[in-house]
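Two complexes follow with chain A in common, the first pairing it with chain B and the second with chain C.
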Partner chain A sequence: MIITINETPKIVIKNVYYTYANGTTALKNINLSVNEGELIGIMGMNGAGKTTLIRTLNGLIRPQKGNVYINGENIKSKNVGKLSKTVGIIFQNPNHQLFSNSVEDEIKFSLKNLNLSKSEVQGKTEMVLNTFNLGKYKERSPLTLSGGETKKLALASIVCRDPDILVFDEPTLGQDAKEIEFFTDLIKNEIKKRKTIVIVTHNIEFAIENVPRIILMANGEIIADGPTEELLTKEFLINKCSLVLPQITKFNTALNSIGIKCPKDIRFKNDMIIFLENYLQNKKVST
Partner chain B sequence: MSLELLQAFKFRKKNTIIHNLDPRTKLLFSIFYSIAALMFTNIIPLLLIFLSLIPIIFIGKMIRDWFNSIKGLSFLIILIIIINTYFLSLSYAIAMILRIFIMISAFSIFFLTVHPNELALSLISMRVPYPYAFSFSLAFRFVPTIALEAQYILDAQQSRGYEMQQKGLINQIKNLFPLLVPLIVCSIKRAFNVAEALESRAFGSIKERTYYYALKFSLKDWIFTMYLFMFLIVVIFIKIQFNLMPNWFYWGLPV
Partner chain C sequence: MPDSIIKYNNFYFRYKKNPNYQLENINLEINKNKFILLAGETGSGKTTLIKSMNGLIPQFYAGFYKGNVIVNGKDTVETPISELSTEIGIVFQNPENQLISLDVEHEIAFGLENIGVPKEIMEKRIKECVKVTEIEHLLDKAPFELSGGEQQRVAIASILALEPKVLIMDEPTALLDPYMAQKIINLLKKIQLDQKITIIISEHRLDLIMPFVDEIILINEGKIIEHDLKENVINGNNFDKIHINKPLIYSIARRLKEKNLYKDKIPASIPEAMEFFEKWV
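After this line comes the complex of A and B, so read on.
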């Protein structure tokens, strides 16, 4: 579990409403506050308004009603290019942003938009390529990379800009276990640097293990906001968001149904392992 | 180039006389108006052709979508004005803009009012082989998808500091690369995926096939087709007898 430090609000969303041109109301009276150095997850069924909500954070979508504040400033009159220095959004499909001739140029494009000097751009590029293990591909075209590597490159091209707020849309989608592990380490490092992180995900196992606070959305509204281990084990909330209970919760229920009295508050893998070890040891002693 | 231009080619279901016309009539309409636009290089005849499109746009209740298509052309209009005024004259530039307005409007009306399935059926009824008709309608169906994808690409690039509206023509052209390259790559990838999906569902395994819907040419189609032929005959007549037209017909700006 990642430990977060709660302080001043980095993101404040007040009474936000948004309706698309076709009449679909995507956001209804959204109120949310995220502190500096906090890691939150946004979950909900498809069409719940999760992606629309994150698009309001850097001005890609301007709410028809309500306001979004970043670092205490209303972003109503700020353009996306300027806001991207503070808010970096990594979208679901990495292919939507890759266009350069090489992996190295792809990273450089993001840095050049920050008006950095040539030496700074070169230095940062080298550093990011090493951090993301993309150094060996630096001469290669981004279009020849595998799905996981492409996603990594898309991540690198935003993280290299060092924004205060990082927003990930479905970062674990289509990723193998190693890639998810890499992403988990990445967010842990960014939190250590006191970055604010927002993750939109359907991956309940990832959320319960790594995200301390969850926002649940349905039909454009926030229906619950609180500690992950509390919200994601409530069956009625899980059903309302078209999610499934975490495996540990299901396992816990199964153990109780066969007479093994497992405490209901065990929600993490490691706690369950400790419980089972103790249980087996006690059983051995008694026999 | 604004992405709204692509949205203006998306079919929208409405119940109007124009929407209820046979797709073949509407295809004829787009072709005839485009031919008419290509016949003249003077402002007045092109303006008259353009004005004759306005009632059709109103009857079809597509003013907003049509206006978006015109608005999306703003970059092209500026380019036409600069190049034509510099090398030829302002009158010629205005005439060329009107020509593009007519052609874009004619095809915008066609795409806004013809359902992709109807398009395939109309091509088949014109004896176009089914695989080609299907491919064409599929390409047509993907226009809004590509528009949406273009918007996603723009959002993704803006999120890493890309600014589309930079000063200078060369900068603006250079700025299209971060949008166009991913758009082309995604479109090619999708084309391969669709082709594989179609083949895995036995597309093209039977040469002769039947269709659930059949197109029918109704009375209003005949009336509209008659109007179109009369319109084209008048346009050709004016073109042939252009020297005999009143003086105001040749009107142009002094520069």
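After this line comes the complex of A and C, so read on.
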């Protein structure tokens, strides 16, 4: 029996170049392929081209050279409105994408053009407001919300449209632990639904715990693409991208330097706790 | 108390259109020459508290207040903001919003001109603060063409030129990449020690900042729930309860301590933790 697997990647970027009107080259020969259900992170120093790159995914930025394919189709001649049903981008500054008079209207506006009936829109709006714990603010103006809540509303307004591809620009910025946990659960859930997720982030601790594959960018180019724990523990890459080593790696190195043989591949906080629990228990027993 | 620079006495504040108080019964004393972390969940009142430290609240924000805030003996309600700005300098999260001049030198001179500092003193102060913030090579550049980290340093320099006794930074590294964030934090600690000023930082990246902190102020739902030395706060119960991004080493040591495996005080940084683990090699 022959099993055919649809192997068309969800996102393909081929030889993409982009130069801004002021002469700054933001993207140089970008090649990238992301499969359905994949979660990737894009990291790099300020000005490396990360935000420009994600803007090519829904046509906000049209490359001067090269092509972007979404679901196997070249998006060159597709308009941003249509593309945004497939590719939802949540920008770094949520204020740039919120403009309704109330939190409830913001969600309703997002659900427009999806061919839903009035009652379906109402039902879905209420469900989304509940899921995102925004129900209590539904009559308030988005402008009066705190930074964290505004970010949540921007998130809700895109996720409620159920796009196949979700793109987040610095989603954990200015967020406290509870909000980051909420976001982490949200992306895990979306991945279960076979959504494809791209996250631009400076948050190394978040990336090492939650993102399996990382793209590192410097000066408009992709300089590395691979498993997170492999890339984020290589000092020359870290330095080139203006990052710092994850705390877990620094701690691991410190433990080994004093003679505690901690396995080098420990990447998650919980695994480190288990290792140290066992280590200290054994030491206690033997002393 | 001679060391005190800011003192809150039963201070309350709420914005005009909001029925709830954003700051409730604040009693807080900030001393000279300290590096202080202001920590709390989003929406806990950090930025509102910061704005009340130099009179922006209640002078510029419509709302209701009770109690008072005394800065170096001056009541923040009665003292002009321009006068308070020589005591308390604030750098906000996005430096772009506070950079207005056409080149960096004028940017730093702007605040000094406004408070009428004589030219020769102005030149001396500009020279000093660009050296401290390592931006000597940027003086002729336009602020808008600088990188985020450079803009942040220009914003710090323009505030330092006013020689404030307290420098407040509202999430200074939020928009910076991790390397630049670390560099700015290191620079701030150096400035605090060299200039003997107090720096108050509201910051989400506790991993980066914790090694430098002397004291922590914990704020929750508009109330100060703890203000003490760093080690007392992180070994207390409140720090664990509030949902802030705790340093990795804190979370690990706390879990081990719950299981009776970690006997020392909970560390705030990796070097501190190593003192414990060295005993168990």
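In this section, the second predicted complex is superposed on the first by the 277 of 287 C-alpha atoms of A that agree within 3 Å, B and C clash if a C-alpha of one lies under 4 Å from a C-alpha of the other, contacts with A are read in each partner's own complex, and residues count from 1 in each chain.
Assume contacts are C-beta pairs under 8 Å (C-beta built on N, C-alpha and C of every residue); 3 or more make two chains touch, one makes a residue touch a chain.
Predicted model only: the values in this text are computed from it and were never measured.
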First (chain B), second (chain C), both or neither touched by A:255: second
Have a look and say if chain B or chain C is in touch with more residues of chain A. C
According to the stated criteria, A:114 is in contact with first (chain B), second (chain C), both, or neither; which is it? first
After lining up the shared chain so the two structures overlap, which partner does A:29 touch, if you call chain B first and chain C second: first, second, both or neither? neither
Should A:98 be classified as contacting the first partner (chain B), the second (chain C), both, or neither? first
After the superposition on A, what does A:8 contact: first (chain B), second (chain C), both or neither? neither
Looking at A:85, would you say it contacts chain B, chain C, both, or neither? Reply first, second, both or neither. first
Of the two partner chains, chain B (first) and chain C (second), which one does A:189 touch, if any: first, second, both, or neither? neither
In the superposed arrangement, does A:74 touch chain B (first), chain C (second), both or neither? neither
Residue numbers of chain A touching chain B in their complex, please. 55, 58, 60, 79-81, 84-85, 87-91, 93, 95-99, 109-110, 113-114, 143, 157-158, 161
Contact residues on chain B for chain A in the complex? 149, 152-153, 155-163, 177-178, 180-182, 185-186, 189
If we count contacts the way the header does, which residues on chain A are in touch with chain C in the complex? 44-47, 144, 146-149, 173-181, 202, 204-205, 239, 241-244, 247-248, 250-251, 254-255, 258-260, 269, 272-273, 276-277, 279-281, 283-284
Residue ranges of chain C in contact with chain A within the complex: 17-18, 40-43, 93, 147-149, 171, 174-182, 204, 207, 243-249, 251-252, 255-256, 259, 261-262, 270-271, 273-274, 277-278, 280-281
